[in-house]
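Presented below are the structures under discussion, each in the form of structure tokens.
One chain, chain A, links the two complexes that follow: it is found with chain B in the first and with chain C in the second.
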Partner chain A sequence: MLKNLEEVRVFMERINLTPGLAQAKPIRDSLKEHCGTDVGRCYQCGKCTAGCPVAFAMDYTPREIVRLLQLGLKEEALKSKTIWLCATCDTCSTRCPREVEPAKLMEGLRQEAKAKGLVADKRLDLFNDLFLQLVEKYGRVHEMGLILKFNLLSAQPLKDAGHGPGMFLKGKINPLPHTIKDNGEVKQIFARVRALGGEGK
Partner chain B sequence: MKLAYYPGCSLSTTGIEYNMSTLAVARTLGLDLWEIPEWNCCGASSAHLTNHLLALALPARNLAIAEEAGLDVAVPCAACFARFKATEAAVKDSAETRATIEEVIGRKYEAKYTVKSLLDVFVNTVGLSQIKTLVNRPLEGLKVAPYYGCLLVRPHKITQFDDPEDPVTIDQIMSAIGAEPVYWGYKTECCGAAHPTVVPEVGLKMLKSIYQGARDAGADCIVTACPLCLTNLDMRQKEVGEQNNTQYNLPVFYFTELVGLALGHDPHTLGIDKHFVDALAFLKNKGFLNPVQNRRDSE
Partner chain C sequence: MKRVGVFICHCGTNIAHTVDCEKVAKTAAEFPHVVFSTDYKYMCSEPGQMVIKNAIKEHKLDRIVVASCSPRMHEPTFRKCMESAGLNPYLMEMANIREHCSWVHPDKEKGTEKAIDLVKMAVAKVVKNTPLTRSSIPIHKRALVIGGGIAGIQAALDIADAGYVVDIVEKEPSIGGRMAQVDKTFPTLDCSACILTPKMVDAAQHPNINLVTYSEIEKVEGYVGNFEVTIRHKARSVDVSKCTGCGTCWEKCPTKVASEFELGLGTRKAIYTPFPQAVPNKPVIDRDNCRYFKTGKCMVCQKLCPTGAVDYTQEDQLETIRYGAIVVATGFDLFDHSVYGEYGYGKYPDVITGLQFERLINASGPTAGKIKRPSDHKEPKTIVFIKCVGSRDEAKGKPYCSKTCCMYTAKHATLVKEKIKDSQAIVFYMDVRTPGKNYEEFYQRAVDEYGVQYVRGRVSKIYQKGDKLIVKGEDTLLGKQVEVEADMVVLATAMVARSDAGDLARKVGFSYDQHDFFTEAHPKLRPVETHTAGVYLAGACQGPKDIPDSVSQASAAAAKVCGLLSKNEMATEPIISAVNESICSGCGLCISICPYKAIDLKTITERVHGKMLERQVAAVNSGLCQGCGACTVACRSSALNLRGFTNEQILAEVDALCL
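The block that comes next holds the complex of A and B.
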């Protein structure tokens, strides 16, 4: 944590905030439009960070992410691990006395970071991609297939292998994919979302 | 009372006992659960972290099918519930969003009916007094830590259910079946969702604080209403204990399992033998597996 604060301080010393503030207005407006929340309302009390169950592992705390956005330093926020580590539990948004919704900001920033190729934690991004690939293919998620594929592609094939036999014996995993009879409708949903400009995956 | 029922992906695999216990208990409570035919995955957290429209459209197809049948929807999984509610709210809020979603799913969906968590159905549709009346094996002396996690109660303006900081519905159900809910500070703390699987160095620490909280509050076990929370808390418990040189010995239950037990169902019918932390042995030691009058398994 101290290390992070130190890093922030060094980083802050290197930049000129005046042009940053000039850029901040359009960034603030665009976040308002895309995430439905106004970072300008935040008075930096830190309640979001105090309640965040993942703050201990973040490079910038939720309050610091909001501060970066207030200062127009959106690139820094987009490159952070924080936006990927956020578990979207929504505690911050529930408790914010200024009705800022940091969890919604994280969601919007993650989508933008992905679109710009600035993914700071590949594992969480990979997991989400594999999950949606299964939904598109089968209509439902085949949990065993998801975990196996994730562990293989994230280069840790034996992770969680110890839980496999127990799951199988308890009838909790099935080697066959779960599917719906005709998945054409779900495939259509993905196709139409892509056609409407969302990347849909 | 007839409701559309959306089990979701987890309830046919890692959360199979949630489905088993829900269906058994629903029969006893007089709930007619109509499984949405050919339902699809709601996209859970992966869709809304990736694409806003996809996250709204995947639940919408299921909701449209239930709407054609003219039914409110009961959702046992907290994660599915949160996604369904988000879609319901978005369609109610904006005619433009509604039109886009209808175009994407190729079906009409007007959000005419209500999405309810199964917990809500138990407390507000069936009612606590009805549950209490049907108990024939009160779970007296069982100290439970009611664990709600995130998605049943947050964001409150969308879920519209219970209190986001201090929810009480599981507590009330536990009291109705004779168990004793403990008061503790972690009832809405996040279990990490996919983090214990995907970024274990972060996720396992999140679980530790919950086990510790339940133990410090004097609970014998944890009771929840979410298949992802249960899988995390149950399957990872040994591992987290070993990392911290301790054994937590906290069986983790779905609220439907404990209600089923109290209503006189056989624990195997409820799937209580399917947990990693040995729940069956725990209940036996507590004397809750002794035969009861009016067993309900033949119903």
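The block that comes next holds the complex of A and C.
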């Protein structure tokens, strides 16, 4: 409760715009270069948020993330949960009247948040990494392996244990992973991304 | 020997601040042919002009260079000064050392250097100047107004009141235009028909106005004061001289089709007038839908017409009339919102446009003024209005603001609350723009007194659920997703140019912008003129406009027309293109490049090796040529030359700068 109150207080605090605004232009330029999106074009109509299927769970709406960036408050955007909740469904980008492409922006911000160690919820980061590890190894995701590893490493080993038998009997999960034909090609994709400077654990 | 005088203006400190004017004057004195050079604080002032006139007399100058501001500012001033000193006004050149130099260069030394170069060029050019004389063309005192909406009607009434004959050419069977479709007008809520109909009748009854309805412009030739316009009178199939407008024909006609005037919400007959107050109140037969024209049978209208006015054999007729001036007032179309998949591709019957809503609330509309949903004719209780549909949308629509939607949406919402007491009107908006007299007050009244709910955010999706329309948006002031279960949705669709606007502009010969709106000669100082002399603009064909703006622009255009028609003849600028026939090959490249349709081919006879030969060469129409110089650039044999800017003069400037 007290923690919540503290959060509310921080949230309601008046923001000093002066330092942020000095950064607004360089931030806009670097996002243009790295994500190919121009946050300066956004006129805050909210059409992105209005159609977003996950906005209900976000701490900032997609429109608010763009607003933070317009005001030069990039760290706030990088620390948000929003960028990790974005499902990249691209509805926002399809409907945006100013062609800002919020979905592309979210991906860019995720990469930067990870590089700077600002990921809002460590579990999100963990899930992301485990998911990709499995894809690299088997060419597709192994659901049971992912659930087990994620629950173990996020210190909640028995979280989904109750669902296990039922799902197994219905054939929804399998202790043994499936692989795909010619898994080597997927491995090559990962290798190439790393060679180009991408991350991967 | 040419005797050039050079006059350097300080323009107060505007020039002198960053250009050493004295130094420029001293340096200029050394240039070839310069016999006198001086500087003065304000060359354009009365004493400044005296300096010029005295120097011309004293030093026997035969041409001068004035180095000051842009020629757009003071060229006419100094030309007059030349005339009053007894010299040809075109033996004067201006060097722009203000806009092109002092205003843009902070460094005085370099600024001075550049000013010297600019003066040097002007001197080199003026030495090659030849005296030019203005000619004059007669003016035919009759005006043409294209488009019979409120702008066209107003322009015609003003011109006619000044005593000139005006023809209004309207492609629909009746004048009235968009304003006739509108129910009430903001910000006063007076009924549109009540203020428009008297004007329509005035136009019809005015002795100086001819209504030419159901007709289109076929061809425009000629130039200011002397346009030759060919008008196509579309076959009406009704002899207007016999028809009394009794209405028997359209009452008895068996064919019903969707009415264009009612925007698909109502029907009309195959023989019809667009609306009950039509002027002239004489019907036309829509041949595509008429049973007689489709099957050869029926003829009910002809049999029943008490005056025998129905004539199936009529054909389109062409008529050519001469006009001195043209006012273009062709109005606008509405943006087609079917490009918005998220709003239902225009397929939901209860998602309508603002103009359709006007018809729904109009007493003479398809529902006799009762607000009913098009789908099931139930009275809607919750109506959502969405602004900026197609406007301010670069992705799927137009980048511009349509200017009128904020106000008409406020009006619609107000009328909903007035007509359906227990209703809820919700307006999704991004900005509310109300810059007009009493506009902001009108909007505030909608919010304060009528309780219209404004939600800031663009709607992302509309879909049908049962008999409701679910409207999803974000309240951006709250930062929350919101949704409304609406009975009807009204889209404030953008105002766009008429689909055939480009064709008309090319026919008449004036320019239009990337959105097909007609381009004014200057956005601030010449807002009702086009770049083509004698052609003026009024109303929304020039850009989105509401009724007050359209009417003011129409009166302004009428004033311009009257100014032109009040003269018997007008002087033409001598800076126009001239053809050197001896080297013109008659290739015709200049004809296609000329934006003013000023060049034609003509046949000349010449003697070659003792034989008389005929060949074609370019001929410039001095009434049409605006002196843009495009043809001189295109001409491969340099047969075309712009007087006052000949190739020789331009090259002299280049030489002065580079050699």
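Heads up, the rule we're going with is that the second predicted complex is superposed on the first by the 165 of 201 C-alpha atoms of A that agree within 3 Å, B and C clash if a C-alpha of one lies under 4 Å from a C-alpha of the other, contacts with A are read in each partner's own complex, and residues count from 1 in each chain.
Everything below uses one rule, namely that a residue touches a chain if its C-beta (ideal position, glycine included) is under 8 Å from a C-beta of that chain, and two chains touch if they have at least 3 such contacts.
Predicted model only: the values in this text are computed from it and were never measured.
With the C-alpha superposition on chain A as described, chain C and chain B fit side by side in the combined arrangement.
In the superposition on chain A, A:E64 makes contact with chain C only, not with chain B. Of the two partner chains placed around the shared chain by superposition, neither chain B nor chain C is touched by A:K74.
When chain A is checked against chain B and against chain C, the one touching more of its residues turns out to be B.
Legend: residue contacts after superposition of the two complexes on their common chain; A:R192 is shown touching chain B, with no touch to chain C.
In the superposition on chain A, contact of A:V141 is made with chain B only, not with chain C. Looking at the shared chain after the overlay, A:C96 reaches chain C, while chain B stays out of its contact range.
When the shared chain is aligned, chain C comes close enough to touch A:C45, but chain B does not.
When the shared chain is aligned, chain B and chain C each come close enough to touch A:F56.
When the shared chain is aligned, no partner comes close enough to touch A:R28: not chain B, not chain C.
Minimum C-alpha separation, chain B to chain C, in the superposed model: 5 Å.
Put simply, chain A uses residues 56, 91 to touch chain B in one complex and chain C in the other.
Residues of chain A touching chain B in their complex: 53-54, 56-57, 85, 87-91, 93-94, 101, 103, 107, 110-111, 114, 121, 123-124, 127-129, 131-132, 134-135, 139-144, 147, 150, 159-160, 163, 166-167, 170-174, 178, 180-183, 185-186, 188-190, 192-193, 196, 198-201.
Within the complex formed with chain C, the chain A residues making contact are 43-52, 55-56, 60-61, 63-64, 91, 95-99. Residue ranges on chain C touching chain A, taken from their complex, read 342, 388, 392-397, 430, 456-461, 472-476, 479-482.
For chain B in complex with chain A, the residues that touch the partner chain are 9-10, 12-14, 16, 38-41, 43-54, 57-58, 61, 100, 103-106, 150-151, 154-156, 164-165, 188-190, 192-195, 197-202, 205-206, 209, 235, 273-276.
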